[in-house]
Amino acid sequence: MMNPVQPQACTILSVKKESLHEWTFRVTSDAKPAHGQFMQLSIPMIGEAPISVSAQGDGWLEFTIRSVGKVTDVIFQKEAGDTLFLRGPYGKGWPVEQFRDKHLVVITGGTGLAPVRSMLNMLAETPGYVRSVHLISGFKNADGIVFHKELEEWKQKFTTIYALDHDTMEGWRTGLVTTFVSEIPFDAFRGEYVVVVVGPPPMMKFTGLALMDQGVEPEKVYMSFERKMSCAIGKCGHCRIDEVYVCLDGPVFPYTVARDLID
Amino acid sequence: MGYSLSVSQADTVLHELQRDYRIYAPKRFPKQGRYSDTDIIRYAEVNSFADIVWDIKSDYPAKEVITPIQQAIFYFTEDEYRASKVKSKPILLLARPCDINAQRIQARIYAGNGGYDDLYYSRIRELVKFAVMDCNGGDDTCFCVSMGSNRTDDYALALKFSEDGVLVQVVDEDLVSYFEGMPQVDYTHTFVEENELKVTVPDLSDKNVRKALKTHPVWQEYNSRCISCGACTVACSTCTCFTTRDVIYGDNPEVGERRRVTASCQIAGFDQMAGQKEFRSTAAERMRYKVLHKFHDYKARFGQEHMCVGCGRCTRRCPELISISATVNKVSAAVDEIRAALNR
Amino acid sequence: MNQDINIKKVRLNCYRQSKVPGEFMLQMRVPGGTVDAKYLSYVEYIAKTWGDGNFHFGTRQTFDITGISYENIPAVNEYLETYIKEVDAQLCNVDMDTVAHEPHPWDPKEGYPTIGARNITACIGNYHCICGNCNTFELARKIEPIIFPSHYHIKINIAGCPNDCNKAHLCDFGIIGVARMTYHPERCIACGACVRACQHGATRVLSANPAIGKVEKDPCCCVGCGECVRVCPTSAWTRQETKFYRVILGGRTGRQTPRTGKMFLNWATEDVILGVLKNWQKFSAWVMDYKPEYLHGGHLIDRAGYKKFKEIILDGVKLNPECLVAEDIFWHETEYRSNFNVKPLSMHHTAGPKG
């Protein structure tokens, strides 16, 4: 009998410090996750946690981890050559096929950038896949900014608004991401658009409301959820909201579903 | 085939069966109850007819045999997670219809949800044959008839107990040989058709009604009444939730085991992610989450039937005397109120 | 009212002197504070027939009936025969024809033979209470024939759990029902309810060990309350079948040196408790040179010294393996006047046989 929760050993190729609290681990893996899917990452003794895949390449995956919780506290002691354990990928990622030839709006809060990073990299490398990319990326403060290199590169290829919640910094705007939603030229998109929102629960909630205020059609908005999970295969029950299991039916949900999910 | 066995004949058959089966049944654990000089009845391997508690409902459900409160799922070393092993000897599980129906309900999660078949559930479940225990309608917390879980056809044996012995209907032909030479009678098992307690499950098919119910004041009383101990979900015949936990052996952090431990949506922290606040931080919200799962959400996902089998064990085990049937009736009243308001 | 009444004799008969000359208050023993409710009709009958119609709950759980005239005492005593026989002789197996275990014929028409050994009080215990660890009144009924009838004074309070609602800490010999627990790690879900309960309501002996996903216990400081059992959602904590008791010794109230009792025995079984109490008469007799006087039990321990008390009271008692005994006891008295015990040698009390 197959064991769907069997972790596989993999080797850490590199560790990169993204910000004060966020580190990116590149590990060996032959898995081919879809953009927006997640894996179960485990460290013996500490346990397992769902982590979204923040980049991928031939034979490797990247995970960007924030230093909270048991798993992540210990993972910061790991270095290249050490072993981690993975299983997955799990869940439903971004419906990237449906984004073809549309104007794509991506709105992220903090490390919510990680679950869209691999998709944005793909779009940066594949001109013409979508008509345009508008990226609004907000961070609490300068210390929290991740993926500096990509953010610079994306400036060249996408229309970007980078913001800090309260602080001021050159080249960055100040304010919550919701305040910049009105700057997206939705009228110019003539209905040919898709919006992707990822971030902490309150950020997603208020961004959803701000989008609706702009007359955005709810069917064209997608959000990615993050919930506690033990199994990632619909057994442990931790991530269930109503009749939905975030691990199976998400983490990406259409806004029409997401807005009605009350924990 | 039907048999009428005296106590000593029942013991003979039980010992014959033990050659090929581990026999699990409700067993009394004297003075191990919550309060002094009270007993606990829970599932354990039995070795004689006298071990079997058949006249009252067990405090804990039969699910503990298949999905124990705690089990090792992996043993790990520095570079490997090795799945634990289980005994391969088949299990004969004596259970009332509620407990047998509960396994069908649990299987949709453990062995079906998302297309994933859980090894740790299925490898034990496939060893199990049920012997249905006669139930006369249980106690004043039972409402299996309301939930449609009073009958079952998933059994190899049917047993009707008395002080003097047991009447047996052998359904599984593989088990006939164990009864060789025993006195035969005509016995066909029947099921209880009425409980003292009746519960009307509210119709929650309307999304707007559900939305309004989530914030309805009906849940508020549980903020002062419910202590979020989780005894209800541990006692529940159908609750499946678990957490995985890594433990280490001695002082070597590289060697240990990964355990699966029963979890409860009623206990604080169930939905808490590291460094974040809980989504459901009050007893009322947790109660709402549990009740709606049992009486709407499960059926909405899997169709066919509600999750609750009406065994009443959550009510029996609640130290704060919160009755699930009373709760459902209060919710029904709230739903009527909501519907009236929506139609206005 | 001008009557010649020997109030000491009347007191031994369990009638207490009233401020109204010639009137008395009857104290009916209720061992363990629990009897069949039918006896309330006896109380009512006595109060209405010979008393002033009132009834008082005695502070030591006796049925107290006030306003009984001296001349009615013989009639009340005659009426009491059934009650004393049913409650003490039958329910508690008291040998009424003894005093301090020595043969002493009892006249059933004469009421209670002694007042020295006070009514044994008890909380309701595990007969009803969700906290109780033992059946308090059943234990009281086993102790009653050991201490009664006797002229030697002893106050015994039984509490069903360390919450000590019945104040075992404020009597000569306080008995507290305690439980020793079994931990079933395979049933533990590490929810922490027991850890919090112990911290909140007991002695903080439990702690969660995340490395093993289990609860650890510092057994030395466990008070045996059983709160961990009560709050556990999975029955991972259970009480052991054997009942255990803690004995709190030498507590008292009073005008001179009130004090809280101190622990004498911990984790003693019922056999040990009964065995120890069987030596109480012997100890009291030794201290007072076999001449009972109206002296509280705790003072006898003071006179003999704890070590002498321990020697006599444990004589021949087989302690269960878990049982712990205080090597010494240092009471802390409230001294209403400072240096209360410092006085001329001639004023000192002595203990033991004279000469």
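Order of writing sets the chain letters: A, B and C. Residues in each chain are counted from 1.
What we mean here is this: contacts are C-beta pairs under 8 Å (C-beta built on N, C-alpha and C of every residue); 3 or more make two chains touch, one makes a residue touch a chain.
Since the model is a prediction, treat every value here as computed from it, not as a measurement.
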If you tally contacting C-beta pairs, which pair wins, A-B or B-C? A-B
Quick one: point me to the chain whose Cα centre is farthest from that of subunit C. A
Most central chain by CA mean? B
Express in whole angstrom the distance between the two chain centres, defined as the mean CA positions of subunit A and subunit C. 69
Taking each chain's centre as the mean of its CA atoms, subunit A sits from subunit B at a distance in Å of 38
Whole-Å distance, subunit B centre to subunit C centre, using C-alpha means? 46
Flagged in subunit C as touching 2+ other chains are 211
If I count partner chains per residue in subunit A, which residues reach a count of at least 2? 45
Could you pull out the residues of subunit B that touch at least 2 other chains? 245, 247-248, 263
In the complex, go through subunit B and note every residue touching subunit A. 73-74, 76-81, 83, 109-110, 113-114, 116-119, 121-123, 207, 210-211, 214, 240-248, 253-254, 256, 258, 263, 265, 270-276, 279-280, 285, 289, 292-293, 296-298, 300-301
As the complex stands, subunit B meets subunit C at residues 29-37, 40, 42, 59-60, 68-70, 229-231, 234, 245, 247-248, 259, 261-264, 267, 317, 319
Sort out for me which residues of subunit C touch subunit B in the complex. 126, 130, 132-135, 160, 177, 179, 185-191, 193, 211-214, 226, 229-235, 238-241
For subunit A, which residues count as touching subunit B in their complex? 1-7, 9, 42, 44-49, 66, 68-72, 83, 85, 200-201, 226-228, 230-231, 233-238, 240, 242-245, 247-248, 260, 262-263
